[in-house]
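Before we start, here is the structure in question, set down as structure tokens.
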Amino acid sequence: MAELKSKYDRFRQKANVIIYGTSTKAGRLFDLILLGLILLSVVLVMMETVAEFDLKYHSYLVLLEWIITGLFTIEYILRIITINKPWKYMSSFYGIIDLLAILPMYLSIFFMGTSILTVVRSLRLLRLFKILNHPQFTSQSLQLNQAIKASKGKIIVFIYFVLISTIIIGSIMYLVEGKESGFTSIPASIYWTIVTLTTVGYGDISPETPLGQFIASFVMILGYGIIAVPTGIVTAEIAKRTHDKVAIHKKPCTNCGTEDYPENANFCPHCGHSFDTK
Amino acid sequence: MAELKSKYDRFRQKANVIIYGTSTKAGRLFDLILLGLILLSVVLVMMETVAEFDLKYHSYLVLLEWIITGLFTIEYILRIITINKPWKYMSSFYGIIDLLAILPMYLSIFFMGTSILTVVRSLRLLRLFKILNHPQFTSQSLQLNQAIKASKGKIIVFIYFVLISTIIIGSIMYLVEGKESGFTSIPASIYWTIVTLTTVGYGDISPETPLGQFIASFVMILGYGIIAVPTGIVTAEIAKRTHDKVAIHKKPCTNCGTEDYPENANFCPHCGHSFDTK
Amino acid sequence: MAELKSKYDRFRQKANVIIYGTSTKAGRLFDLILLGLILLSVVLVMMETVAEFDLKYHSYLVLLEWIITGLFTIEYILRIITINKPWKYMSSFYGIIDLLAILPMYLSIFFMGTSILTVVRSLRLLRLFKILNHPQFTSQSLQLNQAIKASKGKIIVFIYFVLISTIIIGSIMYLVEGKESGFTSIPASIYWTIVTLTTVGYGDISPETPLGQFIASFVMILGYGIIAVPTGIVTAEIAKRTHDKVAIHKKPCTNCGTEDYPENANFCPHCGHSFDTK
Amino acid sequence: MAELKSKYDRFRQKANVIIYGTSTKAGRLFDLILLGLILLSVVLVMMETVAEFDLKYHSYLVLLEWIITGLFTIEYILRIITINKPWKYMSSFYGIIDLLAILPMYLSIFFMGTSILTVVRSLRLLRLFKILNHPQFTSQSLQLNQAIKASKGKIIVFIYFVLISTIIIGSIMYLVEGKESGFTSIPASIYWTIVTLTTVGYGDISPETPLGQFIASFVMILGYGIIAVPTGIVTAEIAKRTHDKVAIHKKPCTNCGTEDYPENANFCPHCGHSFDTK
């Protein structure tokens, strides 16, 4: 009995390394297969929504869906079994998504139409970020991440301005254009304002009165100026980081190993070591 | 009588601190409630313009409108009573908006349809900028503000160029396309030019003759180059400020006066002076 | 007779200062009136193309057109008479535009419909650039001008790439989509490609087959990357100039007056003057 | 016989210099004529797809097509004959394109409709990049190339994020909007998401339910922030290169070795050394 327990423990440990780790060959293979299954499941859900395709191959699609759901269920159970703190995994972001990816299929036995909720499986694609940890990409995505985080404060202030502007412009356009041209309510006018300010411009609603077109022209030109701001904010942060990267090619301090010093430094700013080699 | 006067004076002073100030707890609470009421009033006006919603809940909406108008009226009177120079407030930007926010509702008793003018209430949202003075955001919004102000000169020159270009391109397109494809007049053609140059592209007017499409292609490609300019202007200003910010918060080295050292330096990299103040 | 000649010469000289100069009060007034007349004439031509407006006020518009044409004719004659080298003016860019601005009106007496060509008057707006020489704007517009000129080489290479790409993508989309969805010919497909790559997106032509939509998605995403390039080019040049501007606040060399030296210079790079004040 | 062989060898060598080289006058002339022919052939293929044009001039177009195909065939044979390693050329990118440019025309004798495949000729335009090697442009295009290559890592990470976002947003919009408003399947919804995120905005599919419009507004505003990223990445790289360029072309001061001096300096600003070489 104790032997069985120790056997099970060894299996748990081994499975844990394969499922959660990426350092062993088996672990990487598991990740690759999982990645393939996730992509396949997303493609399946997509195909099911294409009417012509679904008509022809409905039974095959459903079969494949169940096979993938089965595999995902096994994976989910293994993840719970082989980890030391199962609740922590189950209540984590990825744990919830993993559950949501299999739940709709089982619910569809009892309730009609819930199988469409399997689209939440696409969220499992986020797992790709964990799998794709090639050093080059991690450093690049880290830099981008930092730049976007550093821009957050300014972006919030900016979006705040934009939202108030859209309400005010939307209200004005509602008064000017009236119900005939699609500006049927203030929320619809605000929707039009956002479509215009972001230069998307569907054309499902567009001003028809000369005054409305004049104000719209004004909004577009001003809007382009306004919309330049987030680009400016993000660019400035990325540029700062791209610039800093140049300094990376310096030789580390021979005393403490840091590379974080001005280019014309005579002393290491972290340990006081003199750089004077004469 | 004198006692009543002094009582009133004390009330005025107290109310003033609450209404105009943000340093006391009661003052901040007043601002928060006011903020909530403004948001609610804006949502109400929006909802009233949505036909289906208005049909169902018209009487409720009107009742709520009158309650909010009443509260805003009380607030407006209090603001006048408790301030020392009421005329200065009443003729200020915010004072006028506060009046315009309540006036249409009272006018609607005598004139039909003026209640729609309550949309000017959305301008009261601008008050949010006064209320939201969390230090982080003020510094960020200050930086953005400075960058946009510094860009003003270049942006004006740029818009001036764009406006003249739109008139010239609009005139050419009017001659080329003629009245069949929606280019019914030069102002309409100019509207189309602005829609195209800003890459909004509604598609309500679009060239149909081969020559018109050729010129339009030319306008789009050139236009994209032109439109890159405001982004460039704003980005350059923001980048300058993002870069400068780093140096601002540092004290110069007490030994050699340099500010050119990493933020977490323990020694000055130029003279080796120790920053350790213990 | 000689007195008449000298009187005429004095008139010519005086008129020349008023018409071509901007330093005297009369000269500036002349420019302002001319500016007003040009704007008025452009507005008139625009109004004439608006059908409802033209129907009501046709005779007034024509009368005003003739008055302005008369004034522009007098101005044109005065410009020729009062200048020393009339041919140089007449064959200059502005000279030709000034002639083109009055010619169509006179031709309309003999040929029907040529009056519409008065739209070339909008080109006279370019004269505004001469009139608006407020120092602040000239410096700003100079900086912009330099940045755009410096970007020219890269922009040409970029547009060259884009044009070849549009031909290739356009050809592919023509093969894929076929004539039903508006991709009636390769030139039409190229027009669609430009509309898509510049993110204008009218929607007058849009892919309908799944494969066409897939390729279009690919074009949009790649296109956005491509289209980021001109913004990058212009921004980099403007940023360089905005940055350089900082250096302007340095003290000029006391010997030769230049401000064009590195910040930590010990000697003036133009005259060799030593900056060492000790 | 040996003489004939040596004559042929001399011809081969001469032809090789003309066809592959650009240093001789004949070589440049050959390139220019080839360039003209390629442009003409592309224009021809385009014209053939314009129905009205093709109806009128079909026989002329076909004749010209055959003449150009003949010339291209001669060129292709000459390229093979005159080069030492013909297989290397034939299996190279340009070699394959050169073959594909002539093949469809010959195939059209046996199979109907293959002549349309001559559109691949537009790929021959890429040869222009080889021909256009004016030093100014090569340096500019090199700089752009480097900037785009350096951005590659970040751009891939970014596109990866965008693709996953489009799948998730597309799935949500499919659930929210349903089949009535054009969101007929998840792939169609993803197509709409890409059209919206890139601010192209055709308007062939657009949300109609209030919730759909609300989510769309959210996508647009967030999307604009996201889409600022590639611009930021490319701008930062170009800015770095634009900045660096200044220093590249200068020789260091022969006295103190600095490169930090204005371009038209006569004296080194750091040591006062005279740059006057006379």
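Should a chain be cited, it is by its letter among A, B, C and D, assigned in written order, with residues numbered from 1 in that chain.
Just so it is clear, contacts are C-beta pairs under 8 Å (C-beta built on N, C-alpha and C of every residue); 3 or more make two chains touch, one makes a residue touch a chain.
A quick map from chain label to UniProt name: A, B, C, D = Voltage-gated potassium channel.
Everything numeric here is computed off the predicted structure, so don't read it as measured data.
**Q** List every chain that touches both chain A and chain B.
**A** The shared contacts of chain A and chain B, listed by label, come to C, D.
**Q** With centres defined by CA atoms only, which chain is the most remote from chain B?
**A** Of all the other chains, the one whose centre lies farthest from chain B is D.
**Q** Answer with same or different: of all residue numbers used at the interface between chain C and chain D, are over half used by both copies?
**A** Different, since most residue numbers here occur in only one copy.
**Q** State the pair with the higher C-beta contact count; candidates are A-C and A-D.
**A** Result of the comparison of A-C and A-D: A-D.
**Q** With chain centres taken as the means of their Cα atoms, state the distance from chain A to chain C in Å.
**A** That gives a centre separation of 43 Å.
**Q** Express in whole angstrom the distance between the two chain centres, defined as the mean CA positions of chain C and chain D.
**A** A distance of 29 Å separates the two centres.
**Q** Just how far, in Å, is the C-alpha centre of chain D from the one of chain A?
**A** That gives a centre separation of 31 Å.
**Q** Would you please write down the residue numbers of chain D that are in contact with two or more other chains?
**A** 187, 190, 199-203, 231, 233, 235, 237, 239 - these are the residues of chain D that touch more than one other chain.
**Q** State the interface residues of chain B toward chain C in the complex, per the touch definition above.
**A** 153-154, 156-158, 160, 164, 167-168, 171-172, 174-175, 184-187, 190, 196, 199-203, 206, 210, 213-214, 216-217, 220-221, 223-225, 228-229, 231-233, 235-237, 239-240
**Q** Write out the stretch or stretches of chain B touching chain A in their complex.
**A** Going by the criterion above, the answer is residues 42, 45-46, 49-51, 116-117, 119-120, 122-123, 125-126, 128, 132, 136-137, 140-141, 143-144, 147-148, 155, 159, 162, 187-188, 190-191, 194-195, 198-204, 227, 230-231, 233-235, 237-239, 241-243, 260-262, 264-272, 274.
**Q** Which part of chain A faces chain C closely enough to touch in the complex?
**A** Listed in rising order, the residues are 199-203, 231, 235.
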